[in-house]
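All remarks here apply to the structure that follows.
Order of writing sets the chain letters: A, B, C and D. Residues in each chain are counted from 1.
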Amino acid sequence: MGAAAGDEVTGDKPVAVVIGATSKWQADGRNTRLAHGGDVDDSQLPVSARWGIGGAIAQRFAREGFHVVLTTRQAANAAALEAAIREQGGACSTVELDLVSEDSINGAFAAIEASVGPPEVLVLNAGYLEGRDLPPEQELLEYIPVEMFDTAQHIASRGPFLVAKAVMPGMRERGRGSFLITNNAASLRGRRRRTGQSLYYPRVMMRTLAQVLTEEYSEYGVHVANVVIDGLIDSPGTRALPIAQQRPEIVMNPAAIADAFYYLHTQDRSCWTHELQLTPYSTTPSY
Amino acid sequence: MGAAAGDEVTGDKPVAVVIGATSKWQADGRNTRLAHGGDVDDSQLPVSARWGIGGAIAQRFAREGFHVVLTTRQAANAAALEAAIREQGGACSTVELDLVSEDSINGAFAAIEASVGPPEVLVLNAGYLEGRDLPPEQELLEYIPVEMFDTAQHIASRGPFLVAKAVMPGMRERGRGSFLITNNAASLRGRRRRTGQSLYYPRVMMRTLAQVLTEEYSEYGVHVANVVIDGLIDSPGTRALPIAQQRPEIVMNPAAIADAFYYLHTQDRSCWTHELQLTPYSTTPSY
Amino acid sequence: MGAAAGDEVTGDKPVAVVIGATSKWQADGRNTRLAHGGDVDDSQLPVSARWGIGGAIAQRFAREGFHVVLTTRQAANAAALEAAIREQGGACSTVELDLVSEDSINGAFAAIEASVGPPEVLVLNAGYLEGRDLPPEQELLEYIPVEMFDTAQHIASRGPFLVAKAVMPGMRERGRGSFLITNNAASLRGRRRRTGQSLYYPRVMMRTLAQVLTEEYSEYGVHVANVVIDGLIDSPGTRALPIAQQRPEIVMNPAAIADAFYYLHTQDRSCWTHELQLTPYSTTPSY
Amino acid sequence: MGAAAGDEVTGDKPVAVVIGATSKWQADGRNTRLAHGGDVDDSQLPVSARWGIGGAIAQRFAREGFHVVLTTRQAANAAALEAAIREQGGACSTVELDLVSEDSINGAFAAIEASVGPPEVLVLNAGYLEGRDLPPEQELLEYIPVEMFDTAQHIASRGPFLVAKAVMPGMRERGRGSFLITNNAASLRGRRRRTGQSLYYPRVMMRTLAQVLTEEYSEYGVHVANVVIDGLIDSPGTRALPIAQQRPEIVMNPAAIADAFYYLHTQDRSCWTHELQLTPYSTTPSY
């Protein structure tokens, strides 16, 4: 549908939109259920880590005085995050948006603009888990069903293109804005998919789009960046994984990732960074 | 449709399939007509240059004893090339194939296998020209119509994925084969599109696919490579361009490009190259 | 020689060492004199910009409570910067250090450790201008005198190796420290030298060293990063250049660059960045 | 010293110079002795594999009608290779050349030019093994002695610069020539050194030099290329290693590597390749 649920008058708060604000690894997320066979308890986690990167970025920008718009395919998924931000005194609303649909994307941005104003900051955090549950004997690309490829391409390539078409004209006209992409190391080059991994090679297109937009829109004052989050992100679902239990030093703090996004947004425009890689100290950076 | 037009019994000739064997820049090609307002005369050109890279590669593999299958969306486009190969004593047939359609791709490969046998060499040479005629005031990505993006993505991303699904299982089972992609410098990273250029950033996905397939299929004896053709290729339509008239030293010889493809195919498997860039001596290599 | 000039007891202030803290482009710098035929007046510039990046970084870390050690080949060059930092209430001292000499490097670090303690932060900011005044007819590599190459290699390759040998063991043993390199776009790959440019291809080795040290020392808690400063940095000498007068939007603010260094130093160790590129909004990022 | 040992009149044979034509892994090579405790018997190896890449390239160019000049620090090291080439009917001579010394380099090229004429092809194949025998507890960069770094830098950075200064002016004036570098995967980026490996990060400079020379000299008709040999090369010393015995499919055929060099030299100048990576089919390409 696409109506902004938060009704308070936002006055002149700047707007930050987080696309895909919820997490596959939140307490009741899809990956959490896939990996653990059901929901997990997140009450022991700091609130900054309960909804992965999207949630941490949303909380951080809210704390800095932004009205944060969470987008998700189903508003109910974001209810707990929205409540948490409001409890922290932040301004927040939720809009349904499905990256597969051009109408959904355009409708959502029209609704956002009408209710809280145009985005100052756009964080593209949509993910997918297609491929993750293919069995070991179907590791090769030839076993990827076409529907799986199509979904990956919608989230990683066509959807981001449509979002750029929706928000870049306004940012260009206003002469400012940040368009920030959360990505992973799979975006750096094509690699073989290992059993248990998603079909991530289309994420290279998110990085490529960032490169295109950087060259095209920087001179208009719009800051584009691809952020390569090069490790396992703390969240209810990942913290419960055996690997995270055994090697806690490889787990990345979402609040620190959110710091990086806020740092990028506030960089002096004489010194913009267009790709930022974040790697735990205990691991070798991907390339 | 997808029926192989060449009817001779091929006996045990190895098969090379050239997808997109005709050229946008051939005497009656789409780009030729766009740039010159009509067909051009190609009788002064060496036959190796009349159909761009696809035609030169087809002629080269035919000369080396392959049965060459030309694929094109409309068989009539390839008739002159097929005739030329036959005149040179080569074995050749034409199959219609549209990269936008999974059925067309699968049908074409079924027809090829039934008529001449499975491909030993697959050259992915499909191109597109979407974006090339956008006016200067529509240079930015926000002006790219969605349909244009979708076409680019079909040719550069989804189509190649489908072709890989169609041919890699057989190559893997036979323990040999070459899967070679003709690409350009736009595949190396995202760049701004300049007026007169096609929407080429999705070509990064062709290179990324080559990287994935290289990691996945090399050990099975299948040689995958992305070839970056880093300049203007000689052909009826390009030779007539002002830039080629003024700076003939920047024009690349398609027969020499075809040599590179044949060299790749014949490399000893202890020494495989998976990316090959070709640049005219007179210009600085792209990166 | 290598004695620390600042005599105050530093108590438990952490130590930041800036190698090459002065600027070729400061009011009386070598490049300034080369480009403008003499000294320039810097009284109109903010104090943060008077000594280029090295000076800005030194001031920033001093403001954050560090005892800053400036190194330079001749202490007199750093006197004005040291005075400025003291005026701002910062703790600062100067040590002579010549990257060409292993003895000088080792002596300087021994003196620093003895007087103020081991470095928590090491910023490698040494530069050179060899090649900059070769005439247009000597643009090619064949015209570079061997002595010029040797100097470039001392500053960009051998000197940084020696500095790493001097400081990494201590940082490794203490389990913390930042080793940050200021570099430029020439470090990203080999390029042709244009008239007026320095012989910068050896700077690739500074970046390569950062990659080596990142892989080797991160797990010990030492944060290594190569910072690619991708444009013209504001300073007395550069601000007076015609290009900077005509296109002020391409000039980078050294205080903002210093922010980036401080951000890197303070990153949570679960989210370290090992290469950071900074580009003015008005220009296309180098690669 | 630097006198050409082969005295026959070469008439108009083109000249190919192979710097470092012998191998650390030949039957009596330094690495062979280090790894196996003495010389090995090479009588079972094809003659093309007895002196590694340098020997295979030398034999290949001799077979193609070149007068091949072998350079080595001590002429005796190349005697067996020179004899083998002569037995095959090839023209060959040996010149002593030490990359550490500018005088040695310049003297050697003067002697070559005087005796057989200027080089049409220059292959830079010098290697070193510094670092290979450091014990496991000295794996980190801090344990690399300065002398070891200096040797690596002479072979990988300063020596190649001096060779370029010696041969590029002539190639530029004649409007033709190939300057080809044999390199390995360590040249692609800085990596941690593992026990048993040489200090290879300075090899990045050989690649960088190739990039500089490519940009500067291509337009003059001089073809520069960096060849990344991405695996274990067959030779008397390597074939006897346990890893090569257990996994023969990872061993690269030097004759096939030599084919790649000859292919590069004969590429049409409208289609030059400036970096060529060669990887065994059974392994994942380095990057």
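Methods note: a contact is a pair of C-beta atoms (placed from the backbone, for glycine too) under 8 Å apart; a residue touches a chain by one contact, two chains touch by 3 or more.
A quick note: this is a predicted structure, and the numbers were derived from the prediction, not measured.
The minimum number of touch steps linking chain A to chain D comes to 1.
As for how the two copies chain C and chain D face one another, over half of their interface residue numbers coincide.
In terms of their C-alpha centroids, the spacing between chain B and chain D amounts to 35 Å. In chain D, the positions touching at least two other chains are 189, 192, 214-215, 284.
Chain B makes touch with chain D in their complex at residues 214-215, 218-219, 221, 223, 231, 249, 251-253, 255-257, 259-260, 263, 267-285. Residue ranges of chain B in contact with chain A, taken from their complex: 102, 139-142, 144, 146, 149-150, 153, 157-158, 161-162, 164-165, 168-169, 172, 189-193, 201-202, 204-205, 207-217. Those residues of chain A that touch chain D in the shared complex are 189, 192, 284, 287.
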